[in-house]
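The next block holds one structure in the form of structure tokens; read it before the comments.
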Amino acid sequence: MFLAILRRDLLLSIRGGGGMFQSLIFFALAILTFSLALGPDLALLAKVAAPILWAAAMLSTLLSLDRIFQADAEDGSLDIDWQATDLPVLLVAAKAVSHWLTTGLPLIAATPVLALLLNLPAEGLVPLLLSLACGTPALSLIGTFAAAVTLPLRRANILMSVLTAPLFTPVLIFGVSAAESGGHDGSRFLSSILFLSAFSLLSMVSLPFASVWAIKSNLD
Amino acid sequence: MTSVVPPAPSRSNSIYQMANPERFDRLAQGVIPWIGGIAALLAVTGLYLGLFVSPEDYQQGATVRIMYVHVPAAWMALFCYTTMTISSVAGFVWKHPLADVAAKVTAPIGATFTLLALITGSLWGKPMWGTWWAWDARLTSVLVLFFMYLGYIALWQAIDDKARAARLGAIVCVAGFVNIPIIKFSVDWWNSLHQPASVIRADGPSMPGSMLTPLLVMGLAYSALYVWLLLIAMRGEIADRRLERLTKDEPGNAKVSGLRKL
Amino acid sequence: MTARSMTPGILSSNSIIPCAMTVDQLAGGRAGTLVFAGISFTLAPGEAIVLRGANGCGKSTLLRTLAGLLRPFDGQINFSPQTTEGNLEIPAQMTVLVGHTNGLKATMTVRESINYWMRLYEAAEGADKQAIDRLRLGDLLSRRTSTLSAGQKRRLGLSRLLICNRPIWLMDEPTSSLDTATSTMVLDMMDTHLDAGGAIVAATHEPLELARAEKFVLEAA
Amino acid sequence: MTARSMTPGILSSNSIIPCAMTVDQLAGGRAGTLVFAGISFTLAPGEAIVLRGANGCGKSTLLRTLAGLLRPFDGQINFSPQTTEGNLEIPAQMTVLVGHTNGLKATMTVRESINYWMRLYEAAEGADKQAIDRLRLGDLLSRRTSTLSAGQKRRLGLSRLLICNRPIWLMDEPTSSLDTATSTMVLDMMDTHLDAGGAIVAATHEPLELARAEKFVLEAA
Amino acid sequence: MFLAILRRDLLLSIRGGGGMFQSLIFFALAILTFSLALGPDLALLAKVAAPILWAAAMLSTLLSLDRIFQADAEDGSLDIDWQATDLPVLLVAAKAVSHWLTTGLPLIAATPVLALLLNLPAEGLVPLLLSLACGTPALSLIGTFAAAVTLPLRRANILMSVLTAPLFTPVLIFGVSAAESGGHDGSRFLSSILFLSAFSLLSMVSLPFASVWAIKSNLD
């Protein structure tokens, strides 16, 4: 069941300009646009590279949220999947995992290239990647929860964004802090990374159940 | 128009209603080896002149030799897009199916030249400007050109109906043409890291002959290479469509409805 | 326009310009694949055609082609509007299609959808009232279309026919998901349209007792 | 699981666990508004109920409530599966609903949709082949679902019933937009399901000649 | 006809978390995220304020494109509108105008506040607003065109972005150039603004027709 949904969602995400490329393209575009707008000042770029990458990652996650449940709710496949399983939390988990695999993971994979374009100092790359790896799972889980809550409001991105942004902010702040302190400030780096991991773990054990409950209240 | 011509089996393959692709195919088959030979000859000459005969630059030293690969690649990047635009317009105005095919298969070739210009440019940029990449108008606009090629290729791939893909590709290509002058003149309009034109300019080239000659030879070599690749790719595309038509017309697939009064 | 607004209610939305449709050797299809060919018929004002045929035989494709929403591969569709003195402006579009989808916006109410069509078609005053009465939408006016039942959605979708004032109705399974009473009502509505000089092409799998209709089957030749 | 994969084709997808459904004083509705109340009936294996009623009377709402997709306002729905020795694991879900929408993904092909359902329901091997044969989807397997005609989509939507191996089928206007031949075929399919010990609740506006069905009208009391 | 469609689209855009708020929220969020990520360096912020505002405007336009035609195509209302009119170019024009009114205009309206947050120097505001006013119509028109081309590829944001981004780039480059040179470099400002206006005008007279033609090829 879990695997079936995961597999289907992965298929859909690479099919016909599906979600995976969408997030990736948006991530790349956001970074290109900003660096194009900032112009050819290399020192400035190096300074803002890590924050820009984190901000872009967060924005592209935010934008991908309405494909978690909304499309399924509209075409009736959410009904089918919901009715097919005895353990709805598996359905939610599959959705969150597939969201991370099609959004978080590709972003992390694309980061080295984009970091190069942004002139990020070489020693900053590993901390950045680590911070993204620890932080993006939390983003996917929070996003899944927000999508579940806003289910009946079709394409209600406004509410979704307003709900998600406050929860995303701590991740962003600690993510940037970890990425920036990586090279030189060992203890700050460690504490930020620990916070990110704790936040992700906490989301993992609580939010799927909260999401199931939200969907249950929203079925119509 | 109405009753004389039997209904076309499929518009997307209407290319076969004209005898002319077959003629093109035969013609191309004869010409391809010759063009390939010419391209190889020019390339060998150009590389020899460029790498061994021409002088080193008094500022840049031996790295200047990257020029003989970089500059013609950059020219071809612009030239291929222009060719695509012209073919698209031709396909649109005269409904000549070969023009659509030419536009379609030029895109990957142009994308490759663009990528080559980008890579050689960055290789050159590291010693010259101290960085692989900078967000400067010229470099960025070439990167954008690369994306335009990719977008055009993706459009063809995403749409199953060939006739429709040709129509949409044509209009996208023409709309994107505004970027070509921007790339060309980007060095003049913005203060760019990249140097301004020294060969193709209104008041004639401003480069010493010992460098200009190999550069021009390499330019010709790249052009011949393009024509060679173009002809090969066009033949391939035509063969593909013929194959597709054959499989589509298999008995059983041709269920065409008509009206019957009850 | 001015004349119209001065005599509200007199020019009902049924004052259509009758129009004949001649279809000659029409061929068409989807995504480059031929679906039907050699279709010819004439439809005079007051006449109706009922199309039948197996699933996937091309009924919807034919209706969309007649509506101008698909390019014909070959052949001709001609319209000959019968102008009388009073009707000098002839609209270029003579047909209206109600397809499988009803074309409703989920977040708009029934009232808003109808008002939108009134403006879209520049319909004569009173057409909305007539459509609402005829399709018994009165109780649903303030409901969002996403909260309607399947049959209620279809009723709203069909009400557009009465608003648009076009002589030729193209209907794709008009009675699908309608209850028996509403189906009868839609048949009545079609009869009224034919009486007023309109014409109809309808595709259906259901009985559809339209007395004056010629019946055709669309099938593989 | 292992036993299944060792005997492919023997355990056909029809080997359902028969299950009776008892509904007691059920009340339900939409968006907080009561739509139906006081519904009680028992449905034994091999039995069918056909629901009729005017548009908007609450047929779809009732079916969705029975399917567990809407919270009942009041009352009880109980399932009593009839276990035999061979069937020790009883799934918690006894019903499957085919609603107005078919639940298809536009960019997936017919084959991919069927494979997905096979995995989703952990269906026995061969169920896909049977569904494809029964609903004549063989020619359409490589087509994207967005390019199917209305009836073809419905056929694919109904094929899920044969894959999911659930004893109680809840069908909302199963034959809508199907041609006559396919409708008959779907009726056959329903008969087979009843013979195998399944049960059916179907809402419809069409005749639906199901011999063994009790017919109910849902109407304002 | 034109007015009917315009009015309906405006209604939809303010209804139930519709498109208007969506673009606006995204615009604000993008800017907040980036300034949050950049941290409390006011001088740096002031320097990057104009480019960031332009980049965010471009990104939020890019994201709003699939509501121009895709939703209409899916629910069948594009068929209705297309069949209702004798002059399809009016339909396309109504779509482009309503897109601008619900995306470009709100962004311009929100810019002064966000510019304040980004510490944009006061004398930079008017040039920025002018450059947005001259540039955003081109964005809406290009977007409408791209949406028309990618009509049959449901939610093909990837292709849409790839097709649009190159056409957006000149606007972005000249827009930033105008916004940045505004205070001090009169001639560069003027030439950039002229370019933006020319680009918008050119789009206005050509792209609606190109879009009609694209839709015609795409009707299915």
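Here are some notes:
Letters A, B, C, D and E name the chains as they come in the text, with residue numbers starting at 1 for each one.
Following the convention adopted for this analysis, contacts are C-beta pairs under 8 Å (C-beta built on N, C-alpha and C of every residue); 3 or more make two chains touch, one makes a residue touch a chain.
Computed from a prediction, not measured in an experiment: that's the story for all the values here.
With centres computed as the average of Cα coordinates, no chain lies farther from chain B than D.
Of the two interfaces, B-C and A-B, the higher number of touching C-beta pairs belongs to B-C.
As for how the two copies chain C and chain D face one another, over half of their interface residue numbers coincide.
Taking the mean of the C-alpha atoms as each chain's centre, chain C and chain E sit 37 Å apart.
For this pair, chain A with chain C, the centres built from the Cα atoms lie 47 Å apart.
Averaging C-alpha coordinates per chain places the centre of chain C 33 Å away from that of chain D. Multi-chain contact residues of chain E, defined as those touching 2 or more other chains: 16, 153-154, 156, 158-159, 162, 165, 169, 173. Contacts with at least two other chains are made by residues 30-31, 53, 100, 106-107 of chain C.
Across the assembly, chain B contributes 140, 154, 158, 164 as residues in contact with two or more other chains. For chain C in complex with chain B, the residues that touch the partner chain are 24-25, 27, 31-41, 52-53, 57-58, 73-76, 214-221.
Residues of chain E that touch chain C in their complex: 1, 3-5, 7-8, 11-12, 15-16, 18, 75-77, 79-86, 216, 219-220. Note for the complex: chain D touches chain C at residues 30-31, 53-56, 60, 100, 147-152, 154-155, 173, 176-183, 205-206.
Those residues of chain B that touch chain C in the shared complex are 1-3, 5, 7-12, 160-164, 248, 254-262. Contacts from chain E toward chain A in the complex involve residues 16-17, 21-22, 25-26, 29-30, 32-34, 36-39, 44, 47-48, 51-52, 54-55, 58-59, 62-63, 153-162, 165, 169, 172-173, 176.
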